[in-house]
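We call the chains A, B, C, D and E, going by the order they appear; numbering starts again at 1 in every chain.
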Amino acid sequence: MKEAVGAVEVPDAGERRIMMGNEAFARGIWEAGARVATAYPGTPSTEILQNLGTYPPEDVHAQWATNEKVALDVAIGAALAGVRAATAMKHVGLNVASDSLMSQSYMGVNAGLVLIVCDDPGIHSSQNEQDTRLFGRLAQVPVLEPSDAQEALDLTRLAFEISEEFDTPVIVRSTTRLSHTRSPVRLGERSKPPERSFVNDSVKNVALPAHARIRHPLVIEREARLGEYASSPELARVEKGTGGLGIVTLGSAYTYVKEVLPEASILKLGMPLPLPERALREFSDSVERVIVVEELEPVIEQAMCALGLAVEGKAFFPRTGEFSPERVRAGLQEAGVLEPRPEAVALPIDPLPRPPVLCAGCPHMSSYMAMRALGARVMGDIGCYTLAALEPLSAIDSCVAMGCSIGLAAGVAKAGTETRPIVATLGDSTFLHSGIPPLIDAVYNQADISVLILDNHTVAMTGGQDHAATGRTLRGEPTHRVDLEQLVRATGVEWVRKVDSYDIAALYHACRDATEYTGVAAVLSDRPCVLDPVKIQGPPFEVEAAGCTACQACMNLSCPAISWTAEIMDGRHKVEIDPIGCMGCSLCVQVCPSDCIRATANGANA
Amino acid sequence: MGASADRGMMEIRLSGSGGQGLVLGGRILARALLLDGLCVAQSQSYEPTSRGGLCRADVVAAESTPDHPLVGELDLLVLLDPIAAAASLELLRDEALVLADSSLADGFSDGELADVYLPGVELADVDLADIKVHSLPLYQTAKRLGAPRVANIVALGALTTLAGRWSQEAMEAAVLEEAPRRSSDLNLQAVRLGLALPEGQRVAR
Amino acid sequence: MASDSSSGERQNLQGNVACALGAIAAGCRFYAGYPITPSSEIAEQMAARLPKVDGVFVQMEDEIASIGAILGASVGGVKSMTATSGPGFSLMQEGLGYASQAEIPCVIIDVMRGGPSTGMPTRPSQGDVMQARWGSHGDRPVIALAPASVGEVFEQMLRAFNLSETLRTPVVVLIDEAIAHLSETIDLSSSMPTPLASRKVATGDVAGFLPYAATDDGVPAMQCPGDGYRSHMTGLTHGEDGFPTQDPATVERVMRQLLGKLDRNMEQIECFETLECDDVDVLVVAYGITARAARRAVVSARERGLRAGLLRPITLWPFPERRFRELASSANTVLIPEMNAGQLCVELERLCPHPGPVVRLNRIDGECISPRQILEQIEKLHAHD
Amino acid sequence: MTDSDSSLPASFDIRDYLRTDLFPHFMCVGCGHGIALRCLLTAVHELGISKDELAVVSGIGCSGRIAAYIDANTLHVTHGRPLTFASGLKLARPDLTVVVVTGDGDCLSIGGNHLIHACRRNLDITCLMLNNEVYGMTGGQVSPTTDEGRYTTTTPLGNHEPSFDACSIATAAGASLVGREITFQAPALKNLIVEAISHPGFGFVEVISDCTEIYGRRNDLGSSTEMILSQKSGMRPESYGGALDQPFRPGNWQTGVLSRSDREEYAAAYRRRTRSARPEEQT
Amino acid sequence: MSASSRLSDRAIAPQATPTNVLVVGVGGQGVVMVSRVLAKLCERNGLDIKQSEVHGMAKRGGVVFSHVRFGERVYSPTIPEGEADIVLAMEWAEGLRWLPFLKRESGGLIADTQRIVPPFSCRNRKRGALHGYQTMGLEELEEVVARVVAVDATGVASEVGNRRAANTVLLGVLSSMLDFDPSEWREVVAEVVPPKTIEANLLGFERGREWALQETRAELPTPPEPERPTHAADRVELEIVEAWCKGCDICVKVCPERCLELNGSQVAVLRDPAACSGCRVCEWLCPDLAIHVRILPAQEEH
């Protein structure tokens, strides 16, 4: 998605385009006439804002925010000021933003405010698989759930209208599957919402206890109205089929049901929350047996139970993982609805494990080699580098959520049980996202820890987005660049050192010195990501097989460009470097104890 | 060292300046004496001598190894260059014999040293009694052969005849053995012309 | 250049040439050296002659390297030598010390020249006598030979190698410039009486081999690389096993053996000549070229009825003390002519059995002492009687 | 030790090449010289050189003490002079494999003259120079390879003299094989030594060693592990060139074989030149 | 509420079985590019399509797959197991991984014979350890799969001058099995690949297509063979001479397996013998020569 920089031609209304779910969300935001859109990158939501960045800047201000809460706050502000605003985030991003959401729900909106929240069933790229619908229930805000790209566009537009009509923020829930599936979309016109401006109404706009007490009953009343709205046939569509079975489903699950049970009667929910009570009751009455097919939590199923309706669901379908036609089929088989299918081609061997790894040339490798060498107790954080917890680096002892590392480290230090050096490691973007308050806390409370900031100049995990310390905006325009070193010093850290991540020894020495320092010491391990936002590839290296002793010390880097050859020495494989994969970082050269890694011809000194 | 006797001892010096072939001359002379059955000790000045500098070659000979191998009282002295005179004349023993190139003692064929005018030589401190000087055209003879550098060989021949203490055969043989082979003929001619030069001026001691 | 064949065995040889011939005759097959006046002809001769006997000549970058190289070659089992003059000899002192300590046979020729420092490179001197004795630090066994004629140079080279090999010690041959550059008639056939000796080579059990074991003659057997003993050699004070030690008892024991080995073998080491020493009033002690003058002087003195005698040490170090004491005790006067400021003289004053006059005759002007000078001195000493 | 000659043990145990009764060796904790010792002996093993055929000559200093630990013909000589002893030994005994173990001070300072001439002669000797940048044995004085600014007992305010590059000197002086390795790259060092010993001619191998106790401590260079790792990052294999903006080059060392020429070996040249004089050639 | 009408527009559509192509490979190989070509072809032909992929961790050398379904009407974005008409594998082992998705009777596997070995497969450093990259040969594969096309796409791409064009070579092969106009294929390929590489990619496409359309393919590329043990699983013995060790810590720090430590008396000990792979790094770097690694023949099992 590097081409995000700069506006491209906006497709005309009426065209049929094949779009990724996230592109459709972006189109929906644009078509809805939103003027402000914000996000902090997070898989699988990242492309929404990236894509919005391709729409004309005069139409919509699209920006990366420091974190999801900031993103939501900016959107709230814009809505209060009278323009439609959207923010996009991944499910765990809503945890960060939830503080604002909870109160915003009471305050309502002025212009439309939509949160697009992408869940990650199956945990493709997250730390959990929480179900955002539960957040919707907690915040008492409506949740819409599209099931393909067309619906993503349509429901996003609808969400703004609901938001303004019911004076509430609206969540549009996506999932990884929807966000990352391409399907045809018929495009619409950009609408022109009514002109608004800030409304002076302190009871509504200022969340004081007294005001909140006034607003809460209104929210409950709003919830009831929304539930009725959700039951409308447009949002709770009944597809009449054959037989007495009725399936209640929504989102991606709907497509799987249609795939494996095309003839059944279906109630497809477009807006599961607030609960479309009437529609559910009517559907239940119209069929003999109701089965709810919903991914993750049994939100609808339990609600129907609470309504006293006879319903089945999670008895046949798991609460974990991503659904698929197979899984839906399996559940329906178990429910006795479908006959077993003949077995598919059996795989005669175990599939090859191919877990994600740090990239060839990743500057994080050396940082964690240093951690390993120091024997440090490492509190990790969220980013590519979380992969360093895996073999062979095995250098991260804990990782909870964005920005947690420093706080965790301070806690470990204060516990007083740890004899090893305590280090918090986090990326540049993660540090800005939520690492600064804990750093201030650590200095304030005199924690004896070291903080290793892995500054790769980008949000690498999500594909190389900009942030406040890259000096560029979402649209690629130059802007102020946060000086991380100065920032760290400003929090009160006196011992700060910046080292080239590719200088293994210097990095190690800096980390060692940092751990020997009493108090908070910070090391900035500094090298741009080799892959994003631009690929940085130097001339590759190669292994002189004759000199290789098969010690495989280089394998500890976990570099994917290094693998075994067929040549065996002393019972172990010698290694080789894939010339296409190698980025030329030289880290392997720096750890090789046998001086057998050389530049290929084009990499040699002229 | 055997018993001290120094029987038949003689001390000879060839002197002149660098480039005159004195060291080779000394070696030939020593060789000739060896061939005649004597024991010799031959030494020379060792300083690096360029053309024109003082140079000498000494030979001490006796029937057995001489007690002292260095010259102290010269019996025979060959002078090829006036620069060499002063250092050697004082070592001349009584009745010593001096052979000088005729260019050094212009106008004299031979005579007592005291009577000979040697340009540039102060003789004040030298006891000149009974010292015979033979002035012979050593260089001129060599020039006749087309090779002034063989004046040393001519001198050896003349000295052989004048001294009469070793055989002409030994000298001829020594010249052939010690001098460069490629100029054997020339050297043989030179030594023979030298042998003939004194023309009966042999001085018996 | 002396021809080797045309005149039978008698030939005129320069001292330096005789030195080289003597070395080769003694079995020397390795020479390393650095050019220095007045020794250079030795190197030149060795360079020309060693290949003919399958030996190796190498001109090193300096005298330090030269002695290092010959010690290395000797360790390899090859008889080795170097030649130099005063300044170079000074540079070799560390290596000499090493050779003494590690007991490596080698022969060093010092063709003496005027000093100190660069001094008079082409002029004769006998100024290195004490350098030969005390030049290297520490206590060490020292053998120095002082031949007085070209023929003796040849002979003493044979002895030098024999002593060096049999006693596993460096042997210094001090040659006067005047002899080094003197051509003398010598008869090589009559100069070959000495049978060649070789070092005692280790034999027997490899396991129990001690490279510096105590032996009756004080000389341990020497291993040769490749023979399986694989011993260690060091300049550090070592035990019998060759490895460094600072254990006082071991150090004492091993050093005693090292320093005592010359005494135990004095018979083969001691070498001197006496002339007219039966009834001596004036005992002349002289070595090298000075002894040649002294010889003539003594002969002349005797001709004049003066009772002079000559003691000529050929092995200068260790000095033939016993014989000197005997002669000196019967003489009225000891006259020591030396081409230095009186180096041996100091030693002899110490050795003199009575406080009788020890008279010096020194020349430090780059000229040899002449027979006449010595004779005059003898006459003077008699006149004083 | 009677199983001396050609029958080498099938599985290599370094102790077969050591005088084990002298161990533990006297070198300090973490001294890189021990690593070099292993590499040397492993190379000897790999080349099938018997201990009896091996002669090791060493000079004075910490490096000089290494010879004693090797079960071979060992010669521990005077300061700076091992190359001279070795030259004599090799010329006298061409059948021996002669290896010189020397140090930076021994080889470059007091023995500098011998080094350049040994290089020039190109005798078939392998010179292993253990460069730890300091005079360790005498207590840590400045050496010709001490980096500028380093603290030693004789540069208490930091070294003001520039250091020089032994390999460049050796190359310029004509050593026909010149190489450098760091101890961290022990197998490569072993390979380099194998190459140097096999090479017919003078092989000069500089080993970047570490002196943790005396030098490292004074200059705050860290533990021995850290020092050898720093050397690793201080080196510049040819491969680094151009690949990156050279971010990690404090030492700027190149390793591996740095120069090689096929000059005639000294003894061969000597034999060729003196052929006409040799008795066996005349018959 | 205008949105509602749109939803109802496509309540029921005529059912027709979609064509299912599963494109698989390893992060960075261009799987997404291949599926975008298919998506564009469908767009041009007015077909319904769902093309689904997973982003994020996948690009970090992990498994990448893209479900492409097209036809009159497509619901599920993912292909159900056993329903794929074609699995297009850009890497051999990845092709094997997805075999259960193939239609049992008619499914075809197009697989590049290239091997991309994940670091994970090289983790076991014990002596005699096999690659974790276990695979099947062509013959074994033909027994379980209806149609297998093994193609050395990487090799062909190298021949046309750009190794990265392997995916268009595979597209060429794929084009021979799908009912789209060849000229449309070319146009779409040219649209999708980076402008600088159009030529190489079109050439790759042609080569792949030609090769696939040959009556008999003369030279079948050799797919990777299963790894066989080449070395006995020797035992490793690591001996540390306590009296020689001075406790410098080098071995502890350099051991790639982290299996050494210093004990209370600052002597190195083997903490985790099972982890020791006998790589000798500690032995090489022990300045005290105190570590000795012995490789012993595997004990016979009776």
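Here is the rule we use: a contact is a pair of C-beta atoms (placed from the backbone, for glycine too) under 8 Å apart; a residue touches a chain by one contact, two chains touch by 3 or more.
In this text the structure is predicted, and so the values were computed from the model without any measurement.
Separation of subunit A from subunit B in touch steps, taking the shortest path, is 3.
Counting only chains that touch, the fewest steps needed to get from subunit A to subunit C is 2. With every chain reduced to the mean of its CA atoms, the largest distance from subunit D is reached by B. For subunit A, the chain with the farthest CA centroid is B.
The leading chain pair by number of C-beta pairs in contact is A-E.
Chain closest to the overall centre, judged by the mean of its C-alpha atoms against the mean of all protein C-alpha atoms: D.
Spacing of subunit A relative to subunit E, judged by their CA centroids, is 25 angstrom. Each chain gets a centre from the mean of its Cα atoms; for subunit A and subunit D, those two points are 57 Å apart.
Centroids built from CA atoms put subunit E at 84 Å from subunit C. Subunit C and subunit D have Cα centroids lying 38 Å from one another. Residue positions of subunit A touching 2 or more other chains, listed in rising order: 549, 551, 593. Chain contacts: subunit D has residues 184, 186-187 touching two or more partner chains.
Multi-chain contact residues of subunit E (touching two or more other chains): 253-254, 284-285, 295. Working note: touching chain pairs come out as A-D, A-E, B-C, C-D, D-E.
Residue ranges on subunit D touching subunit E, taken from their complex, read 11, 13-15, 18, 23-25, 27-35, 37-39, 183-184, 186-187, 190, 212, 223-225, 228.
Within the complex formed with subunit C, the residues of subunit B that make contact are 1, 4, 6, 26-27, 30-31, 34-35, 38-44, 46-48, 65, 67-70, 72, 177. Put simply, subunit E touches subunit D in their complex at residues 241, 243-250, 253-254, 283-290, 292, 294-295.
Note for the complex: subunit A touches subunit E at residues 16-18, 43-44, 46-47, 124-125, 148, 150-151, 154-155, 157-158, 161, 176-178, 180-184, 232-235, 237, 239, 252, 254-256, 258-260, 262, 270, 324-326, 329, 341-359, 372-373, 384, 387, 391-392, 461-463, 531, 549-553, 555-556, 558-560, 562-564, 566, 568, 570-573, 575, 578, 580-581, 593. Every residue of subunit C that touches subunit B in the complex is listed here, in rising order: 3, 6-7, 10-12, 37-38, 122, 148-152, 177-179, 181-185, 273, 275, 289, 292-293, 295-296, 298-299, 368, 370-372.
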